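What follows is a structure written as structure tokens; I'll ask about it next.
Labels run A, B, C and D following the written order; every chain starts at residue 1.
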Amino acid sequence: MPNPPTGFVPGINLASAQQIAEAALAKGRALNLAPLTVVVLDQAAQPKLVMREDGASLLRFDVAAGKAFGCLALGFGGREMARRAAKMPGFMNAFSDLCAGRAVPVPGGVLVRDASGNVLGAVGISGDASDQDEVCAVAGIEAAGMIPDTGDPE
Amino acid sequence: MPNPPTGFVPGINLASAQQIAEAALAKGRALNLAPLTVVVLDQAAQPKLVMREDGASLLRFDVAAGKAFGCLALGFGGREMARRAAKMPGFMNAFSDLCAGRAVPVPGGVLVRDASGNVLGAVGISGDASDQDEVCAVAGIEAAGMIPDTGDPE
Amino acid sequence: MPNPPTGFVPGINLASAQQIAEAALAKGRALNLAPLTVVVLDQAAQPKLVMREDGASLLRFDVAAGKAFGCLALGFGGREMARRAAKMPGFMNAFSDLCAGRAVPVPGGVLVRDASGNVLGAVGISGDASDQDEVCAVAGIEAAGMIPDTGDPE
Amino acid sequence: MPNPPTGFVPGINLASAQQIAEAALAKGRALNLAPLTVVVLDQAAQPKLVMREDGASLLRFDVAAGKAFGCLALGFGGREMARRAAKMPGFMNAFSDLCAGRAVPVPGGVLVRDASGNVLGAVGISGDASDQDEVCAVAGIEAAGMIPDTGDPE
């Protein structure tokens, strides 16, 4: 893939989003997790692909989308979002109100970056424990040849 | 009743919802509790039946509906919702904003399951102490031949 | 029933609300209408009783509650609400925003009055054509010995 | 598949939702339409599957989801929703506020029914002219062996 010119950042196309979601769900099945919902948001935080497994509880789309939205909104992976929610509850409460509750600051929200570090979108997964959700998001992003940013140092 | 195939889950019909609510209120009267409000939500978190006893305070419908809604939203009974609110306040604050305050994470919200574990809906009761509200919800669900899930291990 | 002292207006108790709802649904069955949702609100616009028949579409609770809420909010039956929505769209659009969409200005919302004209609550029904919904609300209120006010002159 | 008893309605599982979306997008490609966004909602109006083609404009997810949501909310296909918006603007303005703008009353929202007429969910498509969006939704639903209800008599 040629480098984009300055200020031009390639997004996640639908084919890549499908690769991410299918690999993430395959990981969830391999680990025998609870039913997962995968949301792939593009750079503008709009849904590119959503898959909700049978048996997922009612609001899992909103929670998964919220994990991904929060990452894009502030530019951190979900683990850093969770740290800030713990360290700076006043800010995160205000931020939650600011975006009408659309940001969910927990692991399982993972930024999608290219090799140069550009943000291409974000993946949010909800359904099992947050750590397990995150494992699946990372597996999906890597399967599609992109770089996951969970909010933890590598 | 035959087991539904994957993706095929029976709901609570109106006759069952009436059985639940009447048995729950009868329990409340037997225990001499404060006036109760019973909300039976279907799988889509829409009200199927609501009964608010005379003397119930103003927002008891919203509180009872919120207990039931939270259970359906995340797929846990109210006791597990309460534990998560205590252990993960950042998540639960964000989740409360996410659903515009419609989820109330305390006992008295009880999932209604069939014998196969499928979620058929949820019952929320408010009016007395949360533990007592829950006792009535459990009594109602059992009277209608369904399985209550309070969020505690059996 | 003794007259209440000045400023004291009796509400609809749960037993009366049940009479209203059961008679309204019986009317709907006699007329072979689509599945109905009946909402009985008290004077404070809080749900006293809700019954949603099997097969009712998703948001019928909100629509039925909205019909009843609008009546209580402005003190007119649903037919007068509908006339004002036609004659004064600017006001009714603003009013709709004012109450966050909780008022639905169409027939099928009916005020419940006592013999002295005091407002005791309101009934909203949704599911079939608005005129038919209203017929059932009127039948229910009369069956419980109270006076329906549809917003039309008698 | 046996008919469910009253109150017992099968949903759309993820595999069926994928069939619907893939066939709908294939139809759009065959007709050389503008980039489409397909949203498959379950009976609870929760996203089961979303696919947004490359090049779709920013809010196409919300528009497509709104078409499907409106159908489920009131139990009509998008063409009937559009007729009611034309005939009953007061009601439809109020309804739009009632559901915070989540219902978009135009063709391209199609109910998914089983052979007995039960509502299993809804499909919304946005991107090209509404009539073309609808053609793709119908193609998708039929490809998955279910019955599309556009809101027009057959």
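Here, contacts are C-beta pairs under 8 Å (C-beta built on N, C-alpha and C of every residue); 3 or more make two chains touch, one makes a residue touch a chain.
Model, not experiment: these values are computed from the prediction.
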Query = Where the contacts of chain B and chain C overlap, which chains show up?
reply = D
Ask   = If you average the Cα atoms per chain, which one ends up farthest from chain C?
value = A
Geometric centre distance via CA averages, chain B-chain A, whole Å = 31
Ask   = What whole-Å value do you get for the distance between chain A and chain C if each is reduced to the mean of its CA atoms?
value = 45
Two or more partner chains touched - positions in chain D = 6-7, 13-14, 43-45
Message = How do the chains pair up in terms of touching? List each pair.
response = A-B, A-D, B-C, B-D, C-D
Query = Considering the complex alone, what residue numbers of chain B touch chain D?
reply = 1-2, 4-14, 16, 43-45
Note = In the complex, chain D touches chain A at residues 13-14, 18, 42, 44, 46-54, 58-61
Remark   = Note: in the complex, chain D contacts chain C through residues 6-7, 43-45, 72-75, 88, 90-91, 93-100, 119
Ask   = Which bits of chain C are touching chain D when the two form their complex?
value = 54-59, 62-63, 66, 82, 85-86, 89, 92-93, 96-97, 100-106, 130
